[in-house]
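Below, each structure is written out as structure tokens.
Common to both upcoming complexes is subunit A, partnered first by subunit B, then by subunit C.
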Partner chain A sequence: MTAVDTIAVASPRSRRRRLLRKRFLRRPMAVAGLIVVLGFVVMAAAAPWLAPYAPSATDFNALLAHPSSNHLLGTDSLGRDVLSRIIWGARASMQAGFFSTMLALIVAVPIGMIAGYYRGWVDTVVARITDVLLAFPFLILAVGFSAILGPSLLNATLALGIGAAPPLIRIARGETLALREEDYVPAAIANGAGDATIIFRHILPNMTSTLIVQATVTIPLAIVGEAVLSFLGLGVQPPTPSWGTMLQDAQSYLAQAPRLAIFPGIALVLAALAFNVLGDGLRDILDPRTTR
Partner chain B sequence: MPQPLLDVADLSVRFDTDDGMIHAVDKMSFTLGAGEVLGIVGESGCGKSVTCMSLVKLLPETAVIEGRALFEGRDLLAMSSRDLRRVRGRQISFVFQEPMTSLNPVFTVGRQIGEVLQRHLGLSRVEARARSIELLDLVRIPAADRRLDEYPHQLSGGMRQRVMIAMALACDPKVLVADEPTTALDVTIQAGILDLMRDIRERLGTAIILITHNLGVVADIADRVLVMYAGRKAEESPVDDLFAHPQHPYTLGLLGAIPRPYEGDDTRRRLQEIPGRVPSLRELPQACAFAERCRRATELCRTEIPELHEVRPAHRVACFHPGENAAV
Partner chain C sequence: MGGFLLRKVGAALVVLVAASMLVFIGVRAIPGDPAIALGAESRDPALLAQIRHKYMLDRPVPVQYVHWIWLALHGDLGSDQRELPIAHTIVTRIPITLELAILSVLIAVLTGIPAGVIAAVRRGKPEDYAVTTGALVGLSVPHFWLGLLFIVWFAVDLHWLPASGYVGLSHPLANLEHMIMPAIVLSTGFSAVLMRQMRSSMLNSLGADYVRTARAKGLSEWQVVGRHALRNSLITITTLIGLQLGALISGTVITETIFGIAGFGRLTIEAVNQRDYGLIQGVVLVAATGYVVVNLLVDIVYSFLNPRIRVT
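Let's look at the complex of A and B:
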């Protein structure tokens, strides 16, 4: 009896939250993804405390050292601790991943929504430009933009953000086109709502779950993208650690010390995979059609 | 005669489509007095909804609207969209047919009612909440303060329609346009909603335009009825007179199509359908639009548009051969 009462009294918001949590916990892959993602985020945030050595500290007594108790993952050609550099490198990856995705959303969502809501010539122009940009692979686009902007982590983030925008524009536009036909839109107009109210208060909240899922699949793209840009010398500049620059450095020693490429490579794959798995899980629990 | 609240004259609505002009409404005129309930009846696609939606420009941009619609002396059709936005929901409110989908699924009921209150009346969140509870009480939703925090999917269809009505009434509008408000609901719930609307008219003095294809609903609640056919007015009459002395053959057809319980022990009465179909609205004929389906039609009906004329007090009909007898 008391249990029934508590359920009846609990607010619908918290009930929904509890339901989502239950659905999420029933997906072990998604939970694993979330744990790994959180691990990387903590790693990036707490790098100074977690890393056993300073990322650029050189130990000339241990050049290209094998993994040992002093250097858990060994050292590189300048005697820098690989584990510390991977931990610090997570910063660049997470920064690029989160901020460029955020930038892409901030740019893409309003453009896509305005195109989808007003249609007409605005829509035609936006849709054609998006189509042209979509014809270029994401990385080509990002490399092109960062070549224009110049090499630095900030510019790489901007380039990745702009590069990731076109597919998001398309998704925001498509969602808006569908949602503006919902009955609550004319109902809101009949109640005196203006265009801005309808777009941001009625349509946008209805596409948040789609956007959340899209964001979680854009982040790993941006993380890999940052590594590629840094590898090509367009992103993080040495000696600042990044997984991409570590891979670049490892190139020359592939024969003697393949572990220099393998360890940052594993970190990169793990991070990208974890975000993807998490994104899949979120899509499953947020999409009412896949509800079990 | 006092100034009517809403005075619509020669309202025409056309849609400019790729297939040419669609004449949805042709020279409609009607008035609505303060606190009056006007029923607009007709088949699907006869222009009932379009007539009302055109008043505050809820139609797509392809619609061409002509005519005059004075609301408290101001022409709605000549208003700027900014002024119109202040009329919508504030002075003239709508309740639509689909209560299941007309509420935004991601917001609580309270937030959606509150939004209207905050927009039009500039209430604070707290004030809006208090007023929302009053409104839900008004539309007879039990445990209003708890319902306020629920999402639309947690409510039944009838409840949602009540919420829509509460939202429409939020700013104490002068006119409530109810577009098939009961069509999507169970019969038992329908009666409750109609009851509620009658109550609202009595308590708040709101004038109601009730759009429906159900003459039973009209008989239940309306003061005056307007029968539309193919975008034109066919008959207009006080409700009792319409049922007692229907004049237009189309009205007679509609009345014949109402299912009635088995009466007496003689022959079972078969429901009468109206033969034929509603004419294409692509080009309105310079003739009576109903002529093709009408048993009384003569040469005159096919060459001239019948004018509206008064056959009984306040009872006007647009027909060359009006009469109560179905067998004419």
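Let's look at the complex of A and C:
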């Protein structure tokens, strides 16, 4: 009797969640992606405890040193430990990746939803502005904004967030256009729900899976974007470690110490790849065509 | 058809005008006084006033904008900090970047399309896994890192190719030597996207009724794939080229910086680094115009390939 009760009590939502977890665990690539992503997040959060040296500590007895037991990945031209700088550099990357994507979502989703929900002139104005912003390639937009804001990690994050917003506005708008035609919208109106309730209680929850997938696609773009901006001198400023600034430094020593260009790049590719693989997996399991 | 063209061109013009305003306002939002930058950091009020007057900085912003656009329409983008005509600088830099872009699109098409077709035809076989994995790696490896690796391998270690610089087309062999590495680096992202798209649209086409019909009437597998499935998949690819153009423009900025090619992309970074406002304005305006125009062309080509689009 009690067993029957528990089954009856299990909500469709928790059942769906369990189903999704099962689908996810059946995809080894996606699970591996998630593990690597979590690894980088831990690395960024626990950098002071994980890094064997301080990121800016110089060892003038070991300039451009080869990898050894003292310096697992060697040292750079100022004798700084490469491994420690990569671990600290994860902070800049994760910060830029997560915060700029969050910023892009916070800016884009309400604008896109309002345009898609109210349609009419609001939609026309939003669509035109998005068209204009999309006339600038993502990176050019980010370079432009960081030129306006000045070079720093915070400004690079802002610039990447604003740069990533236009495509998200389009997606949120498109989803809202489709979802507002669903039967539960008139049902909610009949129950006396206002526009805000319909948008935030009924439409937004139904597009979360799309947004999650988009976010996992945007994060690696932002991570690489941060590295590129820092590489071009428009992002993180030395001596703060970032994979982009490390690669910029490495450019002067390609003949003597090519490993300086290789290790930070591997970290960057691994992070981007992990997010992309995770995003692919999430898209597979969250795609409504396969879930329902 | 005429109405469709007119609407498309009209929309592109609106986007262009708004983009030019955005550039103009954006450049004015850059902190720092442009007059001081133009006057070689001089603080002499008389000199600054003279510079402000010369560059119309003492006039209201809308007046400045109209003046700028008016001259721009006549091919005059003003002069940069070194008093060189901006339009001329841009015109000399563009062919270099165009060559790089065309070469890289060529490489991407020649690798991406066949690889995507092979992956679709041999679905689930090792070839398919090789292509899909390759595409994933291609998407995740950033241009600028791949560029550094190429320099380390092919220029520093093997001495096969020069690490940087540019030689004009009048020396075709030397030109190719300098351009091949940057072009390959720039092509990787696009090639990966093409592979993925080609694979999925070929899989769609291969499952379509007309392919079954083609097989049923006894055509060889080669004819079925090449003449029927591939031709229909190519339509999707046209749009992709338009969509990837933005990535291509961003890519040239980075690739040219790494390989020391004095093209349009590096001009952008130089302009930003030198805080040369006039130059930034001109470069971004030209880039946005090129982007909008190519997207318009893609739209038009697409409507020819797929007549259903014209109706909507």
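What we mean here is this: the second predicted complex is superposed on the first by the 277 of 292 C-alpha atoms of A that agree within 3 Å, B and C clash if a C-alpha of one lies under 4 Å from a C-alpha of the other, contacts with A are read in each partner's own complex, and residues count from 1 in each chain.
Going forward, a contact is a pair of C-beta atoms (placed from the backbone, for glycine too) under 8 Å apart; a residue touches a chain by one contact, two chains touch by 3 or more.
Because the structure is a prediction, the values reported are computed rather than measured.
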Task: Please indicate which partner A:Phe136 is in contact with in the superposed arrangement: first for subunit B, second for subunit C, both, or neither.
output: second
- prompt: So, does A:Ala227 touch the first partner subunit B, the second partner subunit C, both, or neither?
  reply: second
Message: Contacts for A:Val269 in the overlay, against subunit B (first) and subunit C (second): which applies, first, second, both or neither?
response: second
Message: Output check: A:Val82 vs subunit B and subunit C. Expected answer is one of first, second, both, neither. What do you get?
response: neither
Message: Let me test your reading of the model: by the given contact rule, A:Ile111 touches which partner, first (subunit B), second (subunit C), both or neither?
response: neither
Which of subunit B and subunit C A:Ala261 touches, first, second, both or neither: second
Field: subunit A residues touched - subunit C or subunit B, whichever exceeds
entry: C
- request: Applying the touch criterion given at the start, work out whether A:Asn206 contacts subunit B, subunit C, both or neither, answering first, second, both or neither.
  value: first
Interface residues, subunit C side, partner subunit A - complex: 11, 14-16, 18-19, 22, 26, 29-31, 136-137, 139-142, 144-145, 148-149, 151-152, 156-157, 163, 245-247, 249-250, 253-254, 257-258, 268-269, 272-273, 275, 280, 284, 287-288, 291-292
Message: Show me the residue ranges of subunit A that touch subunit C in the complex, using the header's touch definition.
response: 128-129, 131-140, 143-144, 147-148, 150, 220, 224, 227-228, 231-234, 247, 250-251, 254-255, 258, 261-262, 265, 268-269, 272-273, 276-277, 280
Interfacial residue positions of subunit A with respect to subunit B in the complex: 11-13, 16, 182-184, 186-194, 197, 201-202, 205-206, 208
- request: Please give the residue numbers of subunit B that touch subunit A in the complex, ascending.
  value: 56, 58, 85-90, 93-94, 96, 98, 101-108, 115-116, 119-120, 149-151, 154, 164, 167-168
